[in-house]
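Look for subunit A in each of the two complexes below; its partner is subunit B in the first and subunit C in the second.
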Partner chain A sequence: MSLLNLTDVTIGVTQDTAGHEERLDLVHGLTLDVVAGQTLCVVGESGSGKTVTALSVVRLLEFVAPVYTEGEIAVGGVDVTRLGAEQMRAYRGARIGMIFQEALDSLNPAQRVGAQLLEAYRPDGVPARGGLKARRAAEAKAKALLAEVGLTDTARIMALYPHQMSGGMQQRVMIAMALMSDPDILIADEPTTALDVTTQAEILALFQRVQREHRTACVFITHDMGVAAEIADRIAVMYRGRLVEIGDKLDILTAPRHPYTRALLECVPRLGVSRREGFPTISEARLRAVTEGTAGRDEPVTETLRLPDAPAPVGDTPPLGIDRVTKVYGRRSRLARRSPVRAVNEVSLEIAPGEFFGLVGESGSGKTTLGRMVAALETPTSGRIAFGEHQITPAGLSGDERAFRRQAQLVFQDPQSSLDPRHTVARIIAEPLRELTPLRGGELDRRVAELIDEVGLPAGCADRLPAQLSGGQRQRVSIARAVAARPRLIVADEPTSALDVSVQGQVMNLLLQLRRSHGISFLFITHNLSLVLSVADRVGVMYGGELIETGTPHEIATSSAHDYTRRLLAANPDLSAYIGRHGHPSR
Partner chain B sequence: MTPTAQMSVPVSGRAASPLARALRRNRLLSAATALLVLIVLAVVILPPFLPDANATDPVHRLLPPSADHLLGTDSYGRDVFSRLVSGGRTSLGLSALITVCAAFTGMVIGLVSGFYRAVDAVVMRIMDAWMSFPAIILAMALAIGLGASIWTELIALTVLFTPFTARVIRSRVLSVAARQYIGAARVSGMRPAKILVVHVLPNVLPLALVQVVILSASAMLVDGAMSFLGMGIAPPTPTWGNMIAEGRSYLVQAPWLIVVPGLAIMACVLLLNLIGSSMRDVVDPRARALGDLQRLRARGAAR
Partner chain C sequence: MAALLLRRLRDLVLILLIVGTMMFFVVRLMPGDPAMAILGPTARPQDVEALRQSMGLTGSLWNQYLSWLGNVVQGDFGTSITYHASVIPVVAEHFLPTLTLAVISTAVSFVVAVVVTFWNAVAPRNPVAALLTRLSGLGMAIPDFWIALILVLVFAVTLRWFPSSGYVSILSDPAAAAPTLVLPVICLVIGQSALFILTLRESVLGELPQTYLRTARVKGLSERQVMLGHVLPNALMPLVTQLGSNFAMMMGGIVIIESIFVIPGLGSLLLGAVFTRDFPLVQGVTLFVALMFVLVNLLVDLSYALLDPKVRVS
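What follows is the complex of A and B.
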């Protein structure tokens, strides 16, 4: 019998607009079930309602928003939507455990981990009473669980504060904490999204083992099909608040029935599949046609860009030369006993004119710092970077800064924060034109309109503020700003990591197109190995501030000499094993 | 009172302005603003229609409130209502002036020291030392050193309030400066000084406005205290502070002498604080979210 049953669940918020209340449905008529001992992965892009669904099972949303829930959410046969506040409290933690995305945010920074673990021990759904005996039981349980999640040094771990642990350790503690009261159901909301791939692989393996051993039913929310493929027994795909498809993992991955699922699978970059000629993207219009029945269900809903064959001549693009560059943060001083950090250590690198160079590494590998030095936002501690007639040395940028800025531009990671919230799109794009080019007045407006069109934004966007745009549109604005002054080199620092896969395809296509049409060199920084291997001409792997390896994607993927690269490849959640290597999922 | 109150709030027509919209949505804010505007209007318009604030009349001294003298008379037989109104002119006017000056200097210092790290290290240590000195004593020392006059008080209080404003503005500038659009502006080739004006200032301004309103409330209080101590504007020019000072000898016989200006100061400070905190709700999304959450919790408990 299934442990968790959602029957025709509709969840929404009431909005107070102009005096009268309006209802906005976030999830429509959702029906799904989870069996004890199984993991159901709920996969969807942002705004698909997956997190809303998960949070309303534990009924956490009612604390943050005026929500309403219709339909039935049954946990072991009891409809939790009808429980009183007191009864519900006995369910949270004790019967339904929850693991959140940001472990550091979910742990109390002012309390030792041990105390927090003990607090979570509620064997009968109520805080444990009975003094010393219950405390002993709780402590024994906490120690056993910590050992189980791989933190064997239990006494020391329990005395630590959350900030003294790494992200992976924090997430392990969170898993142990969720298991403290032996819940029947475990809900995990993107628990590995904030982690590096190697840590993610460890946590996923651990999660799977723990779930099998405790025979908990598990709802695992993720946006990453690769992660779902690793961990799920069954997969549910959500799109715009509706359940699109639910089925066994193999069925979904190898023979998806719904066109959206198929499209989503196709959009995920895979090892061994080159996307240098363009990424597939989901066409909204075609998807609508298929779902409304005006087109056959087997019609593809993805479009794949085909770039023009002849690339633009690289012309006057100079090569970028990075020569033994080191960046050290902090100085050894007598006042603050902090040792200096070597963010980048003796990195040498050449990027040929018009080349698309992918730089991959985990957090703290120094890849962003290197990018910022190439863009002359930081000066190296030693070494030098040469681009054409410009040199960046420890003394700073030599020559005219504006001339350099005309040549080299940077696309930032988070389009939310890289656009001034008070400036309109047109003003944002005009900024580099005003500063770096002599264009003024009508010519300037014409160039801005041209750029808006070139990056595929609707013309009406010009007067909008960033808050009125979607994530993908914001990143397009950011790219338009970067190409405005016709640079020869673009440093793209994780430009797609804040975006959904289908939108990622669009943004990557745009970058590829710009490269073809303008002959721009790219230094593309990312943590996504599948993405960079499918798109770059050459790939460099950074680890601990050092560039440990460079090579073509093929060399890196098949014959890497370096241990770390191989570990990275092994940890990378990839769909290639399930899906035929030639574009479409095998049927 | 109601018609005036409504007139002073832009009701329609300028719906596009965010301030007007905020006023319409937030009843507390609009009511407090209306009342304050009413007080300011009264203080500005009324004096010509009232008896001279400095006309003494020893025969009718210490009269209780009556139809002739709305709020009674003081120890020299001067009409308390006239003095209250013209004292309001000086008190409100001076506080406003102090606020503007302190806000301006604080803003400049805050912007510069938040944005240029080298300046920050020096300026903020000076501000720290400044703030650790007892406020009123600093003001008194300045007033004694320079002689009590309106200008001394202006300088003293500006000096006093500058570090507080500078600190608040600086912390906001620091958070704005860490946003990526500042880096993007640098990549666009913008000079730091221009970035400060084009990107940082507009994003700091809403919070600065809130800070200014709250600052003006403290300016009123300190100004009242200064005149009470005789460091501010010298009698016979009335201020609310020196009215309380003069009335305190007659606390028992004529309590209205200190109750009336005291209430006036209290009302203005309260209104300014109310306006400040409701403006913060409008400007700061985090404060608004917190407020909404509290309301939600209250509603949940009521059900």
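What follows is the complex of A and C.
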């Protein structure tokens, strides 16, 4: 019996434009159902409407936006869209529990987690009555659930504030909190996206166990096909507010019917599939042609870039030498009992001219600190970094800083926050040119236009602000800014982790192209093992501030000597592992 | 925590030294000779000279400063010229009225601000709550002396509900003190609560989009529980800062209100001391105000630790 039925649901917001109200549909005519005891994964890229749908089931959007919902959202046969506010309240928590992406932001920062857990105890959808007795029952329930989610030191955990816990612990607390009133339906909105892969694997296993033992129906929202492969019974694929395809996991992953599903699966980086010649990307035009029926449904909607075989000569790119570099943060202080943190410990590494070196590790492994030292944004505590005539030592950067900045540039993770929101695209790209090169006036404008074209931005972008661009376009702007002064080395710190998988392919293609055509060396920092193994010349694995091993992607993937690397590989939700076990996609 | 207190104690000594030194010299820049001011224009020169001698006003400015500093360190702030008494008891006596006004008006303003803001947040369509919030802009704009005069005209002169002036110590006779406090407190509360409402409203609006509220609602809590249990504790921080600096300002004397309602507070004491060239008293009052300022700010910092667990840990 299905517990949750969405029938022809359209969700949208009313916008007040120029005096008259305008409706903007975010989800169109969605129909799907969730069966008791099963997990339905809703997969889609950003803007596909998956989160809006989830929030509409619990009717949380109405608190923050003027929303309207048409159609029927039935929970156990009752259409929740018609309930009054008070009746709806009884459904939240007691019938439907929810887990969000950022566990830290989802917990009240000023309240101990124990109090937050107890507050969620509302059996039958009403606050438990009976004073002390009810409180005892709530406490017993909270302790049992905390132990169940793996936080066995319950008394200590309940006295903690959210910021005193690790991301994995926070998400465990969130899961326990969602289960406090024994809901029939559990909705999880990207609950593992912000976590490291090994933590993600633990949380996914926990989620599956909890779902089995409590026999809840689950809606699990994710953008990651690999995660869906791990956890789903059925998969629903959404694209631009519409349901594209829904079916059993095996069917969707191995025999997708819709071209968009096929394209999405093709775009996901996988172990053992080299993408060094270019990533497939989804062609919007072809996808539209197929969905509108002007092209056959079997036409591929992906395009794969083929890079020229012969790379550009490396030219004058010098090798990058990192020699026993250590970075220690904080110093010993007598008043505050703080011990210094050894973020990077005795790391030595050579990157050859024109090499694409992938540095992979979990949060806190020191990979970003190492990247910042290579870009001379931090000085090492000991050791030295040499790049051509430039040296970065504990004394700082030797020689002319501008000359170094001409040679080495950085691309940051989040283009939204690393671009000045008040500068136009042209101004952002022109800034390093004006500072680092002698170009002025018309020549400068021509070079900016050239760069905008080179990174594949439409020419009309020049006068726009970052907020008027999409995520992928913003990252192109920061790449254009980085390559403007023709550097020989680019440190790219998680440049694609804020992007959708098809956009990730476009940005990676751009980086690969630039590398081929300009002979640039890359230090590519990421937590995405599948991505880095499919694209890098060599890969280094960092753990606890140490570079524990380096090798070719093949060596790392197949014959790693290191326990930690093997753990990372095992935790990595990879599609080819799943499809390898269960058959091959029919293409 | 011990480290914080030690650092603050060091800052306190430094601030008092700087304020005291500045006031010592500023006071001596004022035109007019205190001895002349006391004895009047017809005094004989030798009498004036004798008085100057007894007041420590002879010798080089540097020597005067050193001897003043030496006395202050020993706890001797000198003798007030107008009150013919040691400075410390005079200041202490005038401190109570100011403290009474400041504490009551700040407390009332805080309660008004919290009630109005959250009433408006829970029931955004309620016209009275919306009106009160809108009026806060007006409350900030109206000068307090004007409100004071209107209140006196309406409630003291016409209706005769409250006395127009006068002061009774709240410690000796609370029942008699209450009516005398009503009008001055209302004057202070209007401006202050308006400021508090604007501050609190701003920080409440900043908290509303936070995702932890989504979690609170998904538990099935009512909007009232969400507002009071989750939004309020997190939104209170900026208000505490505002409240602290406002309270510290009032410690320096609520000059205008004290003058209109004839309340013998620190403000009117300082005003009188400046007019009569009562150097020791001016210096004593300013030092005391600086001390209060630093202490109140220390209290605000300590209350952060209470409100924000992140501060407590780090």
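Keep in mind that, in the parts below, the second predicted complex is superposed on the first by the 576 of 587 C-alpha atoms of A that agree within 3 Å, B and C clash if a C-alpha of one lies under 4 Å from a C-alpha of the other, contacts with A are read in each partner's own complex, and residues count from 1 in each chain.
The definition used in the following text is that a contact is a pair of C-beta atoms (placed from the backbone, for glycine too) under 8 Å apart; a residue touches a chain by one contact, two chains touch by 3 or more.
No experiment lies behind these values; they were computed from the predicted model shown.
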Determine, under the contact definition given at the top, whether A:G93 touches first (subunit B), second (subunit C), both, or neither. second
Considering only touches as defined above, state whether A:S417 meets subunit B (first), subunit C (second), both or neither. first
Using the superposition on chain A described above, determine whether A:Q409 touches subunit B (first), subunit C (second), both, or neither. first
Applying the touch criterion given at the start, work out whether A:V344 contacts subunit B, subunit C, both or neither, answering first, second, both or neither. neither
Is it subunit B or subunit C that touches the larger share of residues in subunit A? C
Touching A:E431, do we find subunit B (first), subunit C (second), both, or neither? first
For A:A375, decide between first (touching subunit B), second (touching subunit C), both and neither. first
Go through the superposed model and pick first if A:V64 touches only subunit B, second if only subunit C, both, or neither. both
Common ground on subunit A, meaning residues reached by subunit C in one complex and by subunit B in the other: 63-64
Where on subunit C is subunit A touching in the complex? 3, 208-222, 225, 229-230, 233-234, 307-310, 313
Residues of subunit B touching subunit A in their complex? 179-181, 183-190, 199, 202-203, 293, 296-297, 299-300
If you look only at subunit A, which of its residues touch subunit B in the complex? 62-66, 375, 377, 401-402, 405-406, 409-410, 412-414, 417-422, 431-432, 435-436, 478, 481-482, 485
What residues of subunit A sit close enough to touch subunit C in their complex? 58, 60, 63-64, 89-94, 96-98, 100, 102, 105-112, 116, 119-120, 122, 125, 161, 163-164, 174, 177-178, 180-181, 335-336
